[in-house]
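Look for subunit A in each of the two complexes below; its partner is subunit B in the first and subunit C in the second.
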Partner chain A sequence: MSASAESPSEPVAVTGWWSTLRSATGLLLALCLTYLGLLGATFFIGRVIPIDPALAVAGDRAPEHVLQRVRQELGLDQPLWTQFSQYVAQVLRGDLGSSILTSNPVLQDLLATFPATVELATAGIIVGVGLGVPLGVWAAIHHGRWPDHLARLLGLVGHSIPIFWLGLMGLLLFYAQLGWVSGPGRLDVSHEFSVPRMSGMLLLDTAWAGQWEAFRNAFSHLVLPAGLLGFYSMAYISRMTRSFMLNELSKEYILTARAKGLAESRVVWWHALRNAAVPLLTVVAMSYAALLEGSVLTETVFSWPGLGLYITNSLQNGDMNAVLGGTLLVGSVFIALNLLSDVLYRLLDPRTRAP
Partner chain B sequence: MIIRTAVHRLVRNPMSALGLVILMVFLVVALGADVLAPHSAYDGDLQNRRLLPPGPDHWLGTDDLGRDIVSRLIHGSRITLLVVVLVAVLAAPVGLLVGTVAGYCAHGRAKVLDTILMRMTDIFLAFPRLILALAFVAALGPGIENAILAIAVTSWPPYARIARAETLTLRQAGFVQAAQAMGASSSRIVWRHIVPLCLPSVVVRVSLDMSGIILTAAGLGFLGLGAQPPIPEWGAMISNGRQFLLDQWWVAAAPGATILLVSLAFNLLGDGLRDALDPKQESKG
Partner chain C sequence: MSPFYSPLNRRELLSMGIAWAGVGASDAWAATPKDTLVLAQALDDMITLDPAESFEISTGEIMGNTYDRLLRVDPSNPANLVGDLARSWSVSTEGRIFRFDLKPQLRFASGNPLDAEDVVFSLHRAVLLDKSPAFILAQLGLKKDSVRQRVLQTGPLSLSIEIDRDLAPSLVYNCLTANVASVVDRRLLLSKESNADLGHGWLRTHYAGSGPLKILQWRANELVALERNDNHHSSKAPLARVIVRHVKESTTQRLLLQKGDIDVARNLSPQDLDAVRTNPELKLASARRGELMYLAMNQRNPNLAKAEVREALKWLIDYDVIGQTLVRNIAEVHQTFLPAGVLGSSAQRPYRLDVAKARALLAQAGLSQGFKLTIDMRTVQPYQAITEALQQSLRQVGIALEVMPSDGKQALIRYRARQHDLYLGSWGMDYWDPHTNADAFARNLDNSDAAATKSLAWRNGWQVPEFSRRVEAAVMERDASRRTRLYQDLQGDFLRVSPFAILFQLVEVAAMRAHVEGLLIGPTSESTHLFNVRKR
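Right, the complex of A and B next:
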């Protein structure tokens, strides 16, 4: 799945603070390299693949002298290497160019749309963990019998379903036919302009302002996409929980706990799950990252005004600055989550630390 | 012998047998689309047959241009097959090459090469694949060829990791040392001795990735970046049916259910394959 899933298993050989420093430096170096790679990829996509980016800016009917000027302004007459270092410097300053579609700086657009995506993905991962972990534990306890097969089938179906289609079918059933939830969007128009913008996450903002009517409305909009995303991530989480739990339950300390006469529920939920929880963190972090990335599809279906919808709208209008800015943001979050799960793994599992 | 028990175990597992059957049907349908499709996938009857509900004449109804949905799905299976095969053919060799070369150099004088190649692989692994594929297609221009290329570019790294791990164990083997002693060049050893042995595990991993490839391709199609109309690509068909979701739901429902079916079949088979090839897993379940 990712680099982080494998790196924690490498033992840290040297002892003491020196090893901590070394592994921290190593992590930091890897982080910088990965980030440079990401910038390289977006640079390649934005500046190298298009035959002449100046055409995209000036239009293909622009006279030659205008094109020349645009090329000069964009720095396209410089060698590729200089262009890349300029690009890196620009990004580090937070300058992602401006969007053609909204004519705002891309960074400003991204910051405005990102909270909506975070809200949706967070709600989704809460549902996913809330369903997936118990399901995985349940499957592991009844390993080889029908609950195990059921969990396996559910997981495989969740893994095989096109998420955007699931969203459409969910809208059809729960919104159009049954009327249980609100439709696309984050809020009804009647509440649209009354909610003060604090964090950009509507559930928090409405609760903070004490607007419970708007809170209920935002919740009824959120519940369907979050539930579907939760089902989607449940597939992977339950499967991994099952295999981690099987691994733990076959160990000797579990036998000891049982021999001591501990209640089975305590053995499973307290002893085994706590040990399985450490590798599970990586899985949850990866699922969270996948939900953020999958927002491109889900947000399109639910007209959810977040990062994903912003990227798809920009795609359809050929607004490469915005697309690449969004790619950079999602990529940065990916890298950060990778790093976070790596660090947490080292902190929480004493076996990966030096003796 | 090992392969025979593996196949035997695979077929005995009802779930993976089901997956295998569905995939066989998929393959037959894709290859025989011209004969099997009851109607044309491209020509519709706008006057009389627009948005008909499922019925005896059109089993899954017709779309907004009066085209038979079953026939479009049948022809669309070719597109899906094409995507899956081409991505595998493009991405697997790259991963195999990078992984075996890196693994072979891991402990020699060319250790730098291993470090560079695996750093690159790790960097690619840390990327969000769907978004990167999106950006690629956005830059290259929408179309089925570019979608395939973008998916292939983002899906080789796991194969490189597997091939490297395999190579690391193989390069200590007696037959490799014998080849070295006889003066075989490094490229010959990698190409003739190591690559063939790494191939099976990479192929297994590719088959496990198939459903992911199908879903990504369908997602690109849904966003209008994959196959362009009037090509009956399943994801694009869902996107088209979205406009009529509330009144003519079958236009969007049918292609999605088909994607689910084929992708589930790949997953069922892959799941069984993993169990069948790994006897350790058998005892655990």
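Right, the complex of A and C next:
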């Protein structure tokens, strides 16, 4: 706020200041409640499923007194509400606790697994948007004819074939049979220890270090899983693009543009797509967020040490610190992408801007 | 923690199809580095690197290669022991005091000297930390309040261990081969100590040993990197590095192996192992290991409590067919509670599928009309397939078997709480001595819910004072041949009356590229040796 805005002689500015503060406070409150609800739901669901985290730590063979002690150390002997409030207080101090499965602080685990997922998801969404949008537009232009049917068939395939199966098939064909891409994992063993881990995203790290051979290697490991995830988000994005475009193409301004004698490509790509892009943005943002959650099946098939596997494995062992930390991260990703798409929405659609 | 390959079950049929399709995959050879052995293994059970705490299968193997201990099981003859750090060892005439002399000029990987003080510190530490595997030492009388008096340094390179009751010397020696008795670097750990934790917090993710390989790095759910320890006392590992990559899927492991991106695959399914067998570029190494698969019958179920019903169930399992199909390549039929290879093991195999005999037994029990049972089953292979086979054969005598599928840990929780009727499970030996299994399967003196010891016999509500006494007598027998006989007799009687049908002994298999030599698979996880491997 500028100094003049605080001056009482300008009542309009004060109202603006107050309303900004009020909406900021409201937003903050909403955020806090969202996080609290997210944590609460995850925590209580995690405690209701019949899993004994002490068993994960101590093992099936541990004598009874060791199990009891581990339960005490983990605070499992406390009432659920106490456990939860202690956890929230700890998070507010900036401490996500330690994972019982990896012995590491949860934050450290998240910093190790999330970049792997970000790299995969980003490559995936680039493929998904890069193919999905043109495919959707193409289908909309040729509405009811074979390109449309083909696009819908691809969408159907992308929606119904299990990703696990397609992943293995992809490995079999492109890795084992044709040798076009590298296999499971993020890097060949020969590069594993020579790449300095800065961001944790190997394409960036190898490029930063100028290790172009390792860059190529990381890229060839990334192609298949990213292509696979891209194919699945393409299926959804192309379907939505098609329907948004059909909606736009039936509007009167398109008729006007065509009547004016504009080239059809300009009508489609400049006028119609620009308007369809506004709702499409939310679709893309949410697809991206879904990829950032991590895909357990893809990560399993490709031995990709990402967030999805980390959270799933933790949940199966009742490692609640890790699960809650992961949930907070995923929640933040969704919130951030939602906010981002709101902002972009305003930029793209003049009608949503305040007068 | 499944000892088996773990495909994502609901996709299992699909992946079996792929296993078949993959037979024709090309085997273009992409070499791993010449000085590095690369393995693919399911490492998701690893939760700690502290040998005083770790009790998991894959960690056990890493510890066996990176930590030395006083004695080791001889992998070529598992009934024998060889000195590791110990040059000589002896037991006093009354059998209570065990003395050890160390080899001279030992060093840790850190460069610190290794002497008797380190060994004594390590045993004290394992007992004082009192983590899961500490009971292996506690049963020798090494407990929190007494260990400092019972494990003593007697010279720069000598120490003594005093046990608190008469025990077979072989038990004492065998317990000292376990990972919990690994020798850790006292100076290094004390420098990392915080809150008097004896360095435990630090060691959970670091390394302080003297083994032939040292741990360079552990990235949870990603990899473990090991490196040759040039300070090791005897063997210099031929290869500079061993990298174990976490790969969960059997099919993924096989593709990596076929392409040469790994040298060794450790968790292949029976189908994938078939594919390896037909490939001239690949070969297998295997060993029967100290782990059994068994069917347990809860004695709290009044029908299962009848001796005739217990025996009838043992005649209703098609051991041979299951062995040749569902668990081929990864297990062998075995019906006694001591796995082959351990002292006192017995090859008795009286049971086979005999529906008529089972039907007669059930008629004797007054149950010829049949009855209902539930079975708790883990939704991984081969448990699912074996359960289905069992369901079919029980149906022939009118027993309706309802399957309670669940994630492994949930089934285990119900089993531990004695809520099951039948339970299909596996049991691995905690240390390489017959007492561990005798104690688990045949001893239960307190059958109450609040019992301090909850053995497998307890979990099935089987109270057996007479068997319990015989287990005690066998563990105290100092004469090895008499001890062997006691266990063999015990197993003969157990076989007939117990509520356990032992089905299979598991076989540890490693599939590898033909150029890998010297990989030794041992009967226990700590006796699988990676450090002698060469690549041609």
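As a convention for this text, the second predicted complex is superposed on the first by the 269 of 355 C-alpha atoms of A that agree within 3 Å, B and C clash if a C-alpha of one lies under 4 Å from a C-alpha of the other, contacts with A are read in each partner's own complex, and residues count from 1 in each chain.
Just so it is clear, a contact is a pair of C-beta atoms (placed from the backbone, for glycine too) under 8 Å apart; a residue touches a chain by one contact, two chains touch by 3 or more.
Only a predicted model underlies this, so the values are computations on that prediction, with no experimental measurement involved.
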Touched partner set for A:316, first subunit B, second subunit C, both or neither: both
Touched partner set for A:185, first subunit B, second subunit C, both or neither: second
First (subunit B), second (subunit C), both or neither touched by A:211: neither
Partner chain(s) touched by A:341 [first = subunit B, second = subunit C, both, neither]: neither
Which superposed partner A:176 touches (first subunit B, second subunit C, both, neither): both
Subunit B versus subunit C as contact partner of A:168, first or second or both or neither: both
Contacts of A:238 with subunit B and subunit C, given as first, second, both or neither: neither
Contacts of A:297 with subunit B and subunit C, given as first, second, both or neither: both
Subunit B versus subunit C as contact partner of A:104, first or second or both or neither: second
Subunit B/subunit C common contact set on subunit A: 50, 162, 164-165, 168-169, 171-172, 176, 297, 300-301, 316, 318
Subunit A to subunit B touching residues, read off their complex: 2-3, 6, 30, 33-34, 37-38, 41-42, 45-46, 49-50, 143-144, 148, 152-153, 156-157, 159-166, 168-169, 171-172, 176, 243, 246, 250, 289, 292-294, 296-297, 300-301, 311-312, 315-316, 318, 320, 323-324, 326-327, 330-331, 334-335, 338
Touching residues on subunit B, where the partner in the complex is subunit A: 15, 119-120, 122-132, 134-136, 138-140, 161, 211, 215, 218-219, 222-225, 235, 238, 242, 245-246, 249, 252-253, 255-256, 259-260, 263-264, 266-268, 271, 284-285
For the subunit C and subunit A complex, residues of the former touching the latter: 1, 8, 11, 14-15, 18, 21-22, 25-26, 28, 32-33, 36, 38, 44, 47-49, 55-56, 130-135, 204-205, 219-223, 225, 243, 245-249, 251-252, 255-256, 258-259, 261, 407, 409-410, 412-413, 416, 430, 452-454
Residue numbers on subunit A that touch subunit C, as the complex places them: 50-52, 55-66, 69, 99-104, 109, 112-113, 162, 164-165, 168-169, 171-172, 175-177, 179, 182-185, 188-190, 192-193, 297, 300-303, 305, 309-310, 313, 316-318
